[in-house]
Amino acid sequence: MIIILTSKSIGNNDKGTLTTSSTKKRRDGRDFDELRPLKIEAGVLERADGSAYLEIGDNKVLAAVYGPRELHVRRLLKPNMAILRCRYNMAPFSVEDRKRPGPDRRSVEISKLTAEALNPAVFLEKFPRSTIDVFIEVLQAEGGTRCAGITAASVALADAGIPMRDMVAACAAGKSDGQVIMDLSEWEDKEGEADLPIAMMPRTGDITLLQMDGHLTSDEFEQALDLAIKGCQIIGEEQKNAIKNRYGD
Amino acid sequence: MVQSIVPEIIRESVTNLIKKGERVDGRALDEYREISLETGVIKKAEGSARVKIGNTQIVVGAKPQIGEPFPDTPNVGVLITNSELLPMAAPNFEPGPPDERSVELARVTDRCIREGKVVDLEKLTIIPGKKVWMIFMDMHIVDYDGNLFDAAVLGCLAALMTTKVPSTTIEDDEVVIDYEKMVPIPINEQPLMCTMAKIGGELVVDPSLEEDDILEARVSIGIRADGSICAMQKGGSVPFTHEEVLKAVGIAQEKTKELRKFIPQA
Amino acid sequence: MIIILTSKSIGNNDKGTLTTSSTKKRRDGRDFDELRPLKIEAGVLERADGSAYLEIGDNKVLAAVYGPRELHVRRLLKPNMAILRCRYNMAPFSVEDRKRPGPDRRSVEISKLTAEALNPAVFLEKFPRSTIDVFIEVLQAEGGTRCAGITAASVALADAGIPMRDMVAACAAGKSDGQVIMDLSEWEDKEGEADLPIAMMPRTGDITLLQMDGHLTSDEFEQALDLAIKGCQIIGEEQKNAIKNRYGD
Amino acid sequence: MVQSIVPEIIRESVTNLIKKGERVDGRALDEYREISLETGVIKKAEGSARVKIGNTQIVVGAKPQIGEPFPDTPNVGVLITNSELLPMAAPNFEPGPPDERSVELARVTDRCIREGKVVDLEKLTIIPGKKVWMIFMDMHIVDYDGNLFDAAVLGCLAALMTTKVPSTTIEDDEVVIDYEKMVPIPINEQPLMCTMAKIGGELVVDPSLEEDDILEARVSIGIRADGSICAMQKGGSVPFTHEEVLKAVGIAQEKTKELRKFIPQA
Amino acid sequence: MIIILTSKSIGNNDKGTLTTSSTKKRRDGRDFDELRPLKIEAGVLERADGSAYLEIGDNKVLAAVYGPRELHVRRLLKPNMAILRCRYNMAPFSVEDRKRPGPDRRSVEISKLTAEALNPAVFLEKFPRSTIDVFIEVLQAEGGTRCAGITAASVALADAGIPMRDMVAACAAGKSDGQVIMDLSEWEDKEGEADLPIAMMPRTGDITLLQMDGHLTSDEFEQALDLAIKGCQIIGEEQKNAIKNRYGD
Amino acid sequence: MVQSIVPEIIRESVTNLIKKGERVDGRALDEYREISLETGVIKKAEGSARVKIGNTQIVVGAKPQIGEPFPDTPNVGVLITNSELLPMAAPNFEPGPPDERSVELARVTDRCIREGKVVDLEKLTIIPGKKVWMIFMDMHIVDYDGNLFDAAVLGCLAALMTTKVPSTTIEDDEVVIDYEKMVPIPINEQPLMCTMAKIGGELVVDPSLEEDDILEARVSIGIRADGSICAMQKGGSVPFTHEEVLKAVGIAQEKTKELRKFIPQA
């Protein structure tokens, strides 16, 4: 039931297909277009209708799904479809300096964007007047937790048996130390020049999350976008493997 | 915040028009509504601006305050951005702590201003590691008629460009503040933001309220004077294609050029 | 659509009708029974059902009205009349030292009193089971914002087409520097001996807001009350003008 | 707080009686109910009082604490007034943060005590600009039977008049507190408050709960010992005429004279 | 209507029946198995449906009961019985250092335990779809306020005429200065080795509150439990007397 | 938190089984479910543990921070225990501030750890009266399958036993922190907690979720290695008899002996 997958080799194998070339190794020894080691498990919690555990680099993220289910506050329900709600939360011990429990502005924004990123993939119209609740807990943070959370949540939705058009895979690209790179580590994000996290449905290439901050020329942006898309594709395969390993083909 | 309910019929007519390259208010798809900007509107604030895009109206006030730097950035001033979607601005805005929409607006504006390097925050250090200027920038949204992001960035930029702080000197490790000698805060870059809605598969610039209510997806892109990109935020529950994203970047680069004429002269 | 009115001359012209005489000029050059420059505009916001903008001295106040409309929380509705709710709020940048956003005890009290001051003027019984919401935003404060807010709100109610018995005009009087005066400035309020803000329906003279703090003898109180009433009458005229200028006679 | 619903029939009978100059409980229109006042009821508080007007009952505790003065008044102590309309006091008082009624009570009481110059706050300075006494005055409303304002002011005045703080000396810029030597805080004036309800066009003093529930308007007036006015607050949604206001002032001046006999001897 | 009862003598009279013997007097002069002076009054508030005032040592506690009554939030109601809710609250001035108003974690826990301690004694099944609300206010605290609150609340419930199987009496025992003792004072609690507050229905001996913290051997625990039970029995008599004194036999 | 609604039929079958000395999952009445414990699971936390009892799963992280001691205990470090019943852990756990159930869990765990003298808090003093280590212990409940108390105490004990703080030295009244030299915090005792449910008049150890939902009463008892008692908490609305309490103490003493084998080696 537990699957450990390292994407390192996968990332390397596919590297040649990208047009950008770069020889400089990154601080942690990765190539510019290489993911951190990745591990996804589906079905890790007993109570939740669906769940997943994800590690990428030193990030450790749990996702759980409840629903479709009824909601007490009827005013919020939609007559023709389910609403998908999301709560992204960081454990107080997940970061260097203890984080006070409860939502802050950052987690409120990420929760909103995560719901929007997952929304297009779910057949919400099959469950009118109900909610699907997605809970993401960051147990350890090392850069890229919003992407890790979306990726894990997508597997948890599938694990919950909720019908989906496609997985949603998320990955950031960015620029650090003058180089456009895939999947920024905490250090690369903090010291870097730009961060571009996206989420994507790998089958169609549709982009469901798109954020950027930093400083990129148009060309750099295009390179970074391509790298992030590439990352999503690799991650999307691992999501499918995680589900296969839980349920068989 | 309660969702507006838009009858399907309005959605259809707006969408069909756009598919034909037209908009309800007669604008071209890439045309902004009328924009106006005044600075110095609030005497009690050290920097201020009132910006209108169409009927959307935001009053921005910037207030400096001496505080301590963050431990990990001892030589950097602090910029804090806050927004209030006032219940006066729309029938479905409710009093209370900022909801996710207000938080998103404040954070996206903050990133565009911060990553766009508007203020030279290092020059706001007073005593390294101990005292820096903190600039509180409060956006008061008083009338909501669509496209808050572009108005927010324009208003905040203008408010900051007109913000003055008293000059300070250090005597015996104490900060001496001279309110008689006000100096402008140091401004580096002037990023602006352009927001596009995806409706009927088309990208329309500066969505009006009507368009905002029915948009499938939204993307806001922050652009510096040199055309480079400093911020981006997608909203809404419909995806963008790869091509749409690149197209949006191009449009934003063009339209922010137009917006630049509203920036106050330094 | 925009009306700029300075009441300075009006105040001076009527001065002679008061029995009190005083020769000492005030800090800002005003006579004891003189209002600060006043400007009222109706219909300044697009979305609100009614709105008004008011400047008196350096006060800048916006008022907006929504309603009559339905309320989600049915328990609060009254079967035989509308309820009028009010929210008075100061912008963080409206005062010398930035004010933290959100209601404090002062604004909670003023909101309550403002609702009570407007209540008698509105034909609430015409709109059972509904609410009328009044929102007041102080953009810049320079003494007397509660009166400015009530005055503006009254114009916004009229602008919203809500049937009213009369306008409600508000004005403070008080004592500063030993002298009983009309319409205290921020400095006069802070350094002064007493503050007496009232609201009034000018046609009947009915007093709908009455507060006082400081130190007044009975005689001084009577003088101050007369001055405040006088101020309300002048302001009431300007309210009517603002409406006339928006809608014609 | 949920509004009490008073059947129309009670309103009518109470009103009709008052129009005839009578009240349900047999009092004259300008007559207070029975008043009792005890001080020193809470040993753990440096000043305290329990006041009853009719069955309305408030326990007041005053606790001094050393703190910093406000920057704009460096040589003035701080007085903080807080009230809790406890859910035990009435079936429609609910737990939670103070609602507008509780806030109004605390603020009106605070103004009457502050503007009535009860405590000589400047004498509460310990080190000018740095350390002052802050007096926290907490009103615990345990039984609500109408007319909280007058009880609150009387109770707070009595608590303050019996409040003692430890004597302090300054040694090497440090405050040395001597708990063995407690000294009364300096009291200047003794204002009291008189509340009148307007019912059936008449002014009735000290409204009972029944009268409070149906009153058209209310006015509370704070009066110093010399008859001068220090505070005033109208409540309710019916106006007062000019004459009624002046009449109310006169009544308040008369009735607070009576109330004075309950003030503890200094 | 007001009853003042000192249990000192009662405690002393019954002392001999306990098997433990101890000669060391306590700091306040009490024997190891002696309660502090106790006073209970029923019916002290006008508005509440039932109320009680209790002093034990320097503790001063008020309890009030409202109900059975309807609740706005219907979702919380039970179809076959009443729910008993409790709010334990300390006045800001009840302790040495002023306590900030509002619930803290301690009062949330005590409120929960108090409700559970009272629950078994009340015939809740007689009042389906309603609530019984118990409010406890600590006016002065001197050790043992949770027991004082439960004891007072039980009298208030009886005063409200709510049918009960038995009173609930509460008393702590513990260990201080090496000695197992009844009814710890504030000093004994703070400086002591263990605290064991219990609540009991005196007629059956059923224990409805049971908490302990500190350090006790099995033998000491048994001794302390016996002492606490003994204390509850004495207090139970005083509760009955308080009710008798209010309503007659 | 919404109460689970358990159909009467489940209650009866579970209860009847227990009366016969059997349990739904085949355990003996005094038998724990499978227990697992890992430490060091969170690198960013200075101490951490993941504990599972049955499917109940808690992640505990301990983070030290330098702070000021409480004024009345100037030479004692501070231990702060917090728990979050995450909405992911059960369908009826809701987001928001800790409810009474979460508060009770945190406080009972805190008392068992504190009164069980796990950490030698006095040795956490850095500068007497001025600087001490504060240890924040956060329990993240990620899966709820009954009996949180025993898992919480075991997890917190394990996290504390593996917690390291940087060594500190004092130079010129300033604390110098050496992150290169991490030292374990001083551990004294190792209390554990055993929880029993009263169902059908019987005491059953380690109640499962199903049993938790229908239990009549619950008692949790903290026991030190020497068998002495350090904490106790009853829950639920059914009483215990005197005999049941004493019997529960005996069971807890036996069962915590078994639990001890899961404690990490110091």
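Just so it is clear, A, B, C, D, E and F label the chains in written order, and each chain counts residues from 1 on its own.
Assume contacts are C-beta pairs under 8 Å (C-beta built on N, C-alpha and C of every residue); 3 or more make two chains touch, one makes a residue touch a chain.
The model shown is predicted, which means the values in this text are computed figures rather than measured ones.
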Problem set entry | Minimal step count in the chain contact network, chain D to chain F | 2
For this session: Treat touching chains as neighbours and tell me the shortest step distance from chain A to chain C.
Result: 2
For this session: Tell me which chain's centre, taken as the mean of its C-alpha atoms, is farthest from chain F.
Result: C
For this session: Could you find the chain whose CA centre sits the greatest distance from that of chain B?
Result: E
Exercise. Centre to centre, by mean C-alpha position, how many angstrom separate chain B and chain F?
Worked result: 48
Seminar exercise, completed: Cα centre of chain C to Cα centre of chain F, whole Å, reads 59
For this session: Enumerate the residues of chain D that touch no fewer than two other chains.
Result: 2
For this session: Could you tell me which residues belong to chain C and also touch two or more other chains?
Result: 72, 75
Exercise. Beginning with chain A and continuing through chain F, what order do the ring chains follow?
Worked result: A, F, E, D, C, B
For this session: Spell out the residues on chain E that touch chain D in their complex, using ranges where they run on.
Result: 45-48, 51, 58, 60, 62-64, 66, 69, 72, 87, 89, 91-98, 101-103, 133, 135, 137, 139-142
Exercise. Inside the complex, what are the residues of chain F that reach chain A?
Worked result: 2, 41-45, 48, 55, 57, 59, 61-63, 65, 82, 84, 86-91, 95, 97, 136, 138, 140, 142-145
Seminar exercise, completed: chain B contacts chain A in the complex at 2, 98, 100-101, 103-104, 106-107, 111-112, 114-115, 117, 219, 224, 227-242, 245-246, 249, 253
Seminar exercise, completed: Touching chain B in the complex, chain A uses residues 75, 105-106, 108-109, 111-113, 116, 119-120, 194, 196, 201, 204-218, 221-222, 225, 229
